[in-house]
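Chains: A, B and C, in written order; residue numbering restarts at 1 for each.
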Amino acid sequence: MALLEVENVRRSFGGLVALDRVTFQVKTGQIKAVIGPNGAGKTTLFNIISGLLEADAGQIFFRERSISGLQPYEIARAGVSRTFQNPSLFLQMNVLENVMVGRHNRTRWDFLGCCLRFPGQTKEEQSIREAALARLEHVGLAHLAAAPAGSLAFGQRRMVELARALATEPELLLLDEPASGLNTKEKQDLGNLIRKIRDQGITILLVEHDMSVVMDLSDDILVLHNGVPIAEGVPAVVQNDQKVISVYLGGEFQHVAASDKP
Amino acid sequence: MNRLRHILPFALFAVAIVAAQLCMRVTETEYYLTQLTMSLYYAIVVMGLCLLMGHAGQVSLGHGAFFAIGGYTSAVLTTHDFTRISSAVWPGWLEPAHLFVAKQDLYGGQTMTVSPWAAFLVAMVATFLVACLIGYPALRLRGHYLAMATLGFGLIVNKLVLASAIAGAADGINGVPEWTLGFGLVVSGKSTARVQNYYIACGLVLLLLLLLRNLVRSRVGRALAAIHDREIAANAMGIDTAAYKLKTFVLSAMLAATAGVFFTHYTGGIGPSEAGALKSVRYVALAAAGGMGSLWGVTGISTALNYFSLRGWFGSYDNAVFGVILILIISLAPAGPLQPLGHWLRRLLSRLFQGGRRPHGAA
Amino acid sequence: MDHGNLALQYFLSGITKGSIYAVVAIGFNLIYSATGVLNFAQGEFVMLGGMVAVTLAHFAPLPAAVTGAVVTVALAGCLLEVLFFRRLRHHSVLHLIIITIGLSIVIQEAALHLWDEKVRSLPYFTGNEVSSIRFFGAAISPQVLWVLGTVAVTVVLLHVFLRYTLPGRAMRACSSNPEAAMLVGINIPNMRTLSFGLSAALGALAGCVISPITMTHYEMGAPLAIKGFAAAILGGLGNPMAAVLGGLLVGVLESFSVSRLPAAYNDAAAFVVLLLVLFVRPHGLFGSPTGESVREH
């Protein structure tokens, strides 16, 4: 069953066409990657799927319900969470509080109840704290729970943002360049973490530049060039696609293809 | 230990309140309590602004208008004679139902005014409606346009009140009756009730502080902080930012209106200057001086500064003082002076107590 | 008076007030374009211009007094920019606007203490308070012609300055693309100071010329600032010439509201315009929706 269906999405900015005729599906339980040279429109695509931007044309379906034109928070409530290219933590809070914000969707006590501190509210607050801590442990940063978000290194901020997105209990997780700025060891850990997340039942759609991460991790790949899809399929197929190779000038793909040889 | 830390500010506040009153009794200056009581009611408005500006990050330069809506609604309803309407349209159960109050006026005739409790409820509903009406379009605007919109709104209310005969035009409304809250508590300006009213105001402030503090430390408070910090990311995490901003705006408006109602019954009247831009900007200055997001700082500092102002300490420079405070705080310490002051104090204390030992590494 | 004459009277009164709002609105636009700040103290420049001129008029002939006032207030405007806005540029725009509100309060109170709360005015430039000119059945004071004429000449000169002179073009470059302007050697900080000085000068001139009609008193700045802002927003922020139209419209609307509502309410008319524009069409009549974003989303 296709969890996410993107149909004929088109978006331009003034005279520049950022996305055109973009159509693809993400199946439940997949790890799907969207790749393409810089300026291929990948982040624009993410922004449209998560509701930060509106498409000029086309439709997006999540679990067979249209999410085109919905507000970002409505899409998040439907079960789609995302991370940002530049980790967008709430810098005035500490790490744990950041992740606790992720639980907002799954909890319900509002103004009146919180003012009066009904027993149900205090219990829910406790459960929020515990769930957030659990997510932090999941990404290996529980020891930094009380640290101010602004004091973290770049890679750690990434992880906290990931924990926060996981705290929303999404069905589909959009990761915007999760590997950028990480060293080799961190990339390996990231890959293992993403696989663990998928094994827990969360579908993943990621945008990424790093070919080794992509080829290693993904079940399926979509290649965009100048906003248009030029190839889609399993890594082995995409690697050997002539159009893809020529678009990338062969550099990265030859390297990866070579390492596949026995 | 945590629990003690939470209760401590409330305990200190309670001690300070009682100490202030006893000092005044001893020095036979208990009439100062009047100005202190008024300052406490004004502080409630600033507490609402603290929530709106300090936590949700939205600005309002027209909050005096909500104070005025609350005050004027209850003032008009409790002083206007409804005899004609009530006898013609509605049955006689209105008075025994405590919605209306029948009184003898100066000339021996019968007057029917709304009872203070009913007027309070009407004032709350009116404020809720106006705040929703104004807040919904206004909160979609970016920072500085929101500031101008709220300023414009405040001025409209100011002009409407100045122009309406029923609101007493430039003279305002006088002769607002006292308000029996129940349990033997009466909000009134009578000098015999001065001490009681002081404690009523303190009680109200403490209660609201408690409720607001609970709110700020909860899931809602976190959502507001997230909206203030990075609205887009908050939205992406499933927080309906527009709804939260509106709810916070309406809540802060109703706090201001509540203060207005209590204030009006306490002082026995209200005037158009309460809705003016100078008052509204003063509230912002006080919120800034108290450290926008700190409920305690805001309450304490705004009570103190308003008290000095009402006592006449600033003389004819009253408005200028608040203007200067606003400029200084926003330009030098936008998060409020208490934080840098606290840091400085802590460094000073640590240096004093470290004595002759040289600290390793960091200063 | 028949309806036609009455309408004309309202109209003329409207464009008289409106031309002052227009000048304030132009001042808003100049500073906004060059610095991104909405300078709420704009109205105080008008007030100061009138006050200084009245004081100078005690020792000097009227033209010298007006010139002196314009120069003094222009310098004050420059000083304001140098003292406050140069140092504080890293602050958010909202903070800066709040600071300008604080400044307007302080300036107002300073005026109260430097002068006093009494209402004053300059003498009529020509004629006196009873002279009037017949204009298609309406009677207007010659001062009205002075107001309209001065504002018209000012607007034309400003237009010429911005379009055809080097400093003027530099100011426009500053506002549309500061980085590029810096790259071609334009001194941005000085341009900002210039915009403040120019706005202050315009405001002061307006304050002098309107003084015999509306009187000058220390509290006149704030309502002028808000109505001027309403005019600027109505025309579309960033467009000084559209601000003129905005000002005239606001003035005329306010004037005609006297015929529909009790006089006390007509002050609120301009504020209602402000709210309506902000809520319904924030980019104003001539601004473009894709331009400077007024809404969050």
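In this section, contacts are C-beta pairs under 8 Å (C-beta built on N, C-alpha and C of every residue); 3 or more make two chains touch, one makes a residue touch a chain.
Everything numeric in this text was worked out from a predicted model, so none of it was measured.
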item: Top-ranked pair of chains - ranking by C-beta pairs in contact; value: B-C
item: Centroid comparison with subunit B (C-alpha atoms), farthest chain; value: A
item: Where subunit B and subunit C are represented by their mean Cα positions, the distance between them in whole Å; value: 34
item: Centroid distance [mean C-alpha coordinates] between subunit C and subunit A, Å; value: 51
item: Length of the line joining the C-alpha centres of subunit A and subunit B, rounded to whole Å; value: 44
item: Contacting residues of subunit C [partner subunit B, same complex]; value: 38, 84, 87-88, 91-95, 97-99, 101-106, 108-110, 112-113, 222-223, 226, 229-230, 233, 262, 264-265, 267-268, 271-272, 274-275, 278-279, 282, 293-297
item: Interface residues, subunit B side, partner subunit A - complex; value: 211-212, 214-215, 218-223, 225-226, 228-230, 232-241, 247, 251
item: Residues of subunit B touching subunit C in the complex; value: 59, 61, 137-138, 140-145, 147-149, 151-153, 155-156, 159-160, 162-163, 169, 231, 277-278, 281, 284-285, 288, 316-317, 319-320, 322-327, 330-331, 334
item: Residue numbers on subunit A that touch subunit B, as the complex places them; value: 50-52, 71-73, 76-77, 81-82, 84, 88-93, 97, 100-105, 107, 109-111, 114-117, 121, 124-125, 128, 164-165, 168
